[in-house]
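Think of it as A, B, C and D in the order they're written, each chain with its own count starting at 1.
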Amino acid sequence: MRLPPRLTQAFVVSLLGLATAATLVILVFVIVFILRKGLPAIDSEFLFTKPQDMGRAGGILPTLVASVILPLIAVAIAAPLGISTAVYLTEYTRESRVTRMIRFGADCLAGIPSILFGLFGFIFFVTILRMGWSLLSGGLTLALMILPTIIRTTEEAIRAVPNAYREVSTSLGATRFRTTAKVVLPNALPGIVTGIMLGVGRSIGETAAVIFTAGSSLRMPASIFDSSRTMSVHFYILAREGLSSEMAYGTAAVLILSVLAVNLVAYGLMNRFIRRRS
Amino acid sequence: MPVKFSIQRLSTYYGSVQALRSLSMDVAPNRILGIIGPAGSGKTSFLRTLNRLNDLLPDFRAEGRVLLDGVDINGPDTDPVLLRRRVGMVFAMPVPLPMSIYENLVYGPKLTGIRDYQRLGEIVEKSLRAAFLWDEVKDRLNLPALRLSGGQQQRLCLARTLALSPEVILLDEPSSGLDPISTARIEEALAELKSAYTIILVTNNTKQASRVADETAFFLMGELIEIGPTEKIFTAPKDRRTEDYVTGRFG
Amino acid sequence: MIRIGEKTVRRLLMAAAFSAIGGLLLIALFIFKEGLSFFIETGFRRFLFSDVWDPQSGRFGIFPMLVASLWVTLGAMTLGAPLGVSVAIFLVEFVPRSVMRVVKPTIELLAGIPSVVYGFIGVMVLAPFIRSSFGGPGLSLLAASFILGVMILPTIISISVDAITAVPASYREGSFALGATRWQTVRMVVLKAARSGIIASVILGMGRAVGETMAVIMVAGNAVKIPHSPLDSVRTLTANIALEMGYATGRHREALFATGIVLFVVIMILNTAAGVMVRKRVSGKRG
Amino acid sequence: MKTPKSLIRILSFSVLSLLSAWTAGCRSGKSSVTLAGSTAFQPFAEKLAERYMLIHPEIGVTVQGGGSAVGIQSALSGAADIGMADLVRLPAEAAELQPVTVAKDGIVIVVHPSNPLSGLTLDQIRGLFNGTIRNWKELGGSDAAVTVVSREAGSGTRTSFEQIVGGFSLTGDAIIQDSNGTIRETVANDASAVGYLSHGLLNEKIKALQVDGVDCTVEAIQAGRYSLVRPIFLLTRGAPTGAAAAFIEYVRSPDAQKVIGESGLIPAIQ
């Protein structure tokens, strides 16, 4: 019994609406849960002083600084590498068994647990390369962790750019690099920003890999060679060692608000850039 | 008789499929050459070989020689990028780049290194006037090009190619999907441009060829059947297949 | 404009590509190097198919964890993938662009929340709810699947949204012009055009689900048992690695790396299966 | 107009080259001591490091976590000067390391506050954890199936707990959580749960039980009447020297031992 199209349309759209509502309810529940438990702990002292008494008192300033620097290092390394790899795989090589294997490898590595990335970072960056526990070791490890996602999302975004644009640009006397830089990448920007934002989200929220590489020292990092504790790791230690759940959720609340701010700013910038162009 | 393009036994292949079969012809400068023939006769493939746009296709291969002013464009010392600046192309479906009208027009010139704002402005005006589009867009150049109508977009693409000040202009069925007025506008522009450029117009609209082209070539199944002055081709074609096509008995 | 030589650009990009792929290869080799010696000594069969995991007495069997990992990933995908793709379709096709531009960053916020926080919400809210309404310990396969399903939503939604928005408007207009409703257009034209992006989002989402460590440990209960019902407590391969790596030395540590190798192979199989399944279902719709 | 893409690319390439040029760069001038290992002792070590650096600002002390095995490995490989471990018996690899006991930690059996029981004998504990006692009513509690909650294999707390209670292997369907905080949260949310954790983590959401009639108090542990106790070791490769020796000396000093006592552990030296 085939429903008339009008009816299936109404039925399906309400189903999709229900799914979106459910997702938003879960999202709101998670945020309210954290903010309700965390907001009371937040005041200027909490944000701008060093932790005292194992984190049971004082503020979380060093973790704030680390939570900004670490994803920056990770993205500063993973974004150019990832985008260049994706451009190389889509624009500069023909679709072949090799490119399919690289894509498959990237997909599989996107599934490797972060603990194994942490151990690799610990043995390779911390011990063998003698970088010690530092934001640099952590940044490099996180860069490797988010690389597969950035490569794959950038590739999909580039493949979505209509071929006609490439032909027009080429026919106007542009080299392959010019075509890529002036037409392909600007049009693939939304996909690329999504990949980078997922990478930032993942590196801000990561704990296991970061503890083994960036370490968990509570001191304020003076340079990228110092070990430091991100807000996620701080929440991890406070909550799991049972030191203080108020401070733990206070940290989580600050973390959520900063991630939301970063997301909104990034999308604001991107949308302004797109509106100006097309 | 001076020659712009001299094509000698040109054959093209997409992987194993052969498009053109050992085609030879000469193209005179500063005239309009019309190319007619049924769909799939290799007209577009031929056009895209002249500015080496087929290089973008991974499994494309060309044999034979294509001389532009005596130099083989597939030869080692021809840089395809410079070639495309001399041989501009307008596509069948208008494809404005997702930028403003101004940025579409200065896209080509900027690639050649022209930075001076004043000079770019002149180029924009000259090419828009040549494409009979200047009056309609002169005060909204920052509008995104995608907002223009179909006819306007096609004339923008023509203007964009003219902005490169190429020597040859290739047109791949420029008026397919255009209303008669826009089509007339394009044909007017071509007649005007003939004096300064060599124009090769591919069209499956035989009347357009008869109206605009000086010489006409008839392609069929990847072969050049006949080439000659337009009146002769349309009134007294040598080959029976040309006659059948021109009189509309098939194709 | 000086023209950067095409050759230097190609070489630069190739260098970047190979360093990225080299780095990723380094990790795969690292895992295989550390774990392979274990396989050589104890062989595959006992490791893969015995169900006793007792490092203290040197008995290493991961069969229960293999089964648990498959069930948890399946559970997470049955919740996360359809929900994620549906939300993506709804946001792009049935909601004004301005609303989508605000909702998408907030949904992506879910990706930034540390998995430890999800773990605690699971222990404090989800587990007691499951225990009271369905029985069992609460910390179970069901709890792990639900939490993972929620955690992979941002990945699937944002990548699918991009894939769907990238479908040119002319495709939709063509379909409307033929009298198709919005949903028919989405089902028959848009989904098929956005297929490769949706597949990528499902695979990356599944990768996130399989690779998730912290949240799974806290809500799954981690009992080394083959689950007979969603209410049983389970331990996944990933959880096993993370749980004991902090204290494992000698052969116990090699066994955990060997678990890493098995996990890598499981991910390869799941990726190929997911790719084929989604490709068939989406193109099958053309019907 | 330079597209943002190439701007980002150039920016990050310069950052990358800067980073690689600096990787071998010199570390901060002042001499430093790095500790790594047991996550349970990490917060306490940080507190002691904080106080130590007030007294000796010229020495930088950083504390890392990662677990006892990472502590042992780091001490062996030199990535850390001092390893931290909370295992009753150190594994074979730690043979070359010299252990120094700096604190003790009481392990307390915890149940949900609604659980009527007030104490258990060692045999009862053994019965609960090896799965022979399956229902609370066998111990005089309410009629409910027991949920056993334990730490993961290899953790210091679990290994010490199993070695002191002795003679049992954990029941197959025990819930495993890998930190004191999550065990406390699990027991606090399950009326029929029983688990164990460091006595420093007791709070109103869970109830401690007596072991063989003895409460887990500092006096009982110091006097040796409370049996479930484990040592916390600081490990160094050979005899401790230089800044590491100075810090270990400080940790064993009365001032530091007092701090350890106040923040939830048992001083090793009265």
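Assume a contact is a pair of C-beta atoms (placed from the backbone, for glycine too) under 8 Å apart; a residue touches a chain by one contact, two chains touch by 3 or more.
Please read these numbers as outputs of a predicted model, since none were measured by experiment.
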| item | value |
| --- | --- |
| Per Cα centroids, the chain farthest from chain C | B |
| Of C-D and A-D, pair with higher C-beta contact tally | A-D |
| Chain ID, smallest distance between chain and overall C-alpha centroids | A |
| Inter-centroid spacing, chain D versus chain C (mean Cα positions, whole Å) | 32 |
| Chain centre separation (chain B, chain D; CA means) in Å | 77 |
| Chain B and chain C: spacing of chain centres that average the CA atoms, whole Å | 50 |
| Touching two or more other chains - residue numbers and ranges from chain A | 80, 84, 175, 182, 239-240 |
| Where chain B touches two or more other chains at once, by residue number | 81, 111-112 |
| Residues of chain D engaged with two or more neighbouring chains | 39, 66, 70, 178, 182 |
| Chain D partner contacts - residues on chain C that touch it in the complex | 53-56, 119-120, 123-124, 127-128, 131, 137-139, 217-218, 221-225, 233, 235, 242-250, 252-253 |
| Complex interface listing, chain C residues touching chain A | 3-4, 6, 9-10, 12-14, 16-17, 19-21, 23-28, 30-31, 82-83, 86-87, 89-91, 94-95, 101, 103-118, 120-121, 125, 150, 153-155, 157-159, 161-163, 165-166, 168, 180-184, 196-197, 200, 203-204, 206-208, 210-214, 238, 241-242, 245, 260, 263-264, 267-268, 270-271 |
| Interface residues, chain A side, partner chain D - complex | 52-55, 73, 76-77, 79-80, 83-84, 122, 126-127, 129, 131-133, 136, 181-182, 185-186, 189, 211-212, 215-219, 222-227, 237, 239-243, 273 |
| Chain C contact footprint on chain D (complex, rising order) | 39, 66-70, 72-73, 87, 91-93, 147, 152-156, 169, 172-178, 182, 185-186, 189-190 |
| Sites on chain A touched by chain B in the complex | 94-95, 164-175, 178, 182-183, 187, 277-278 |
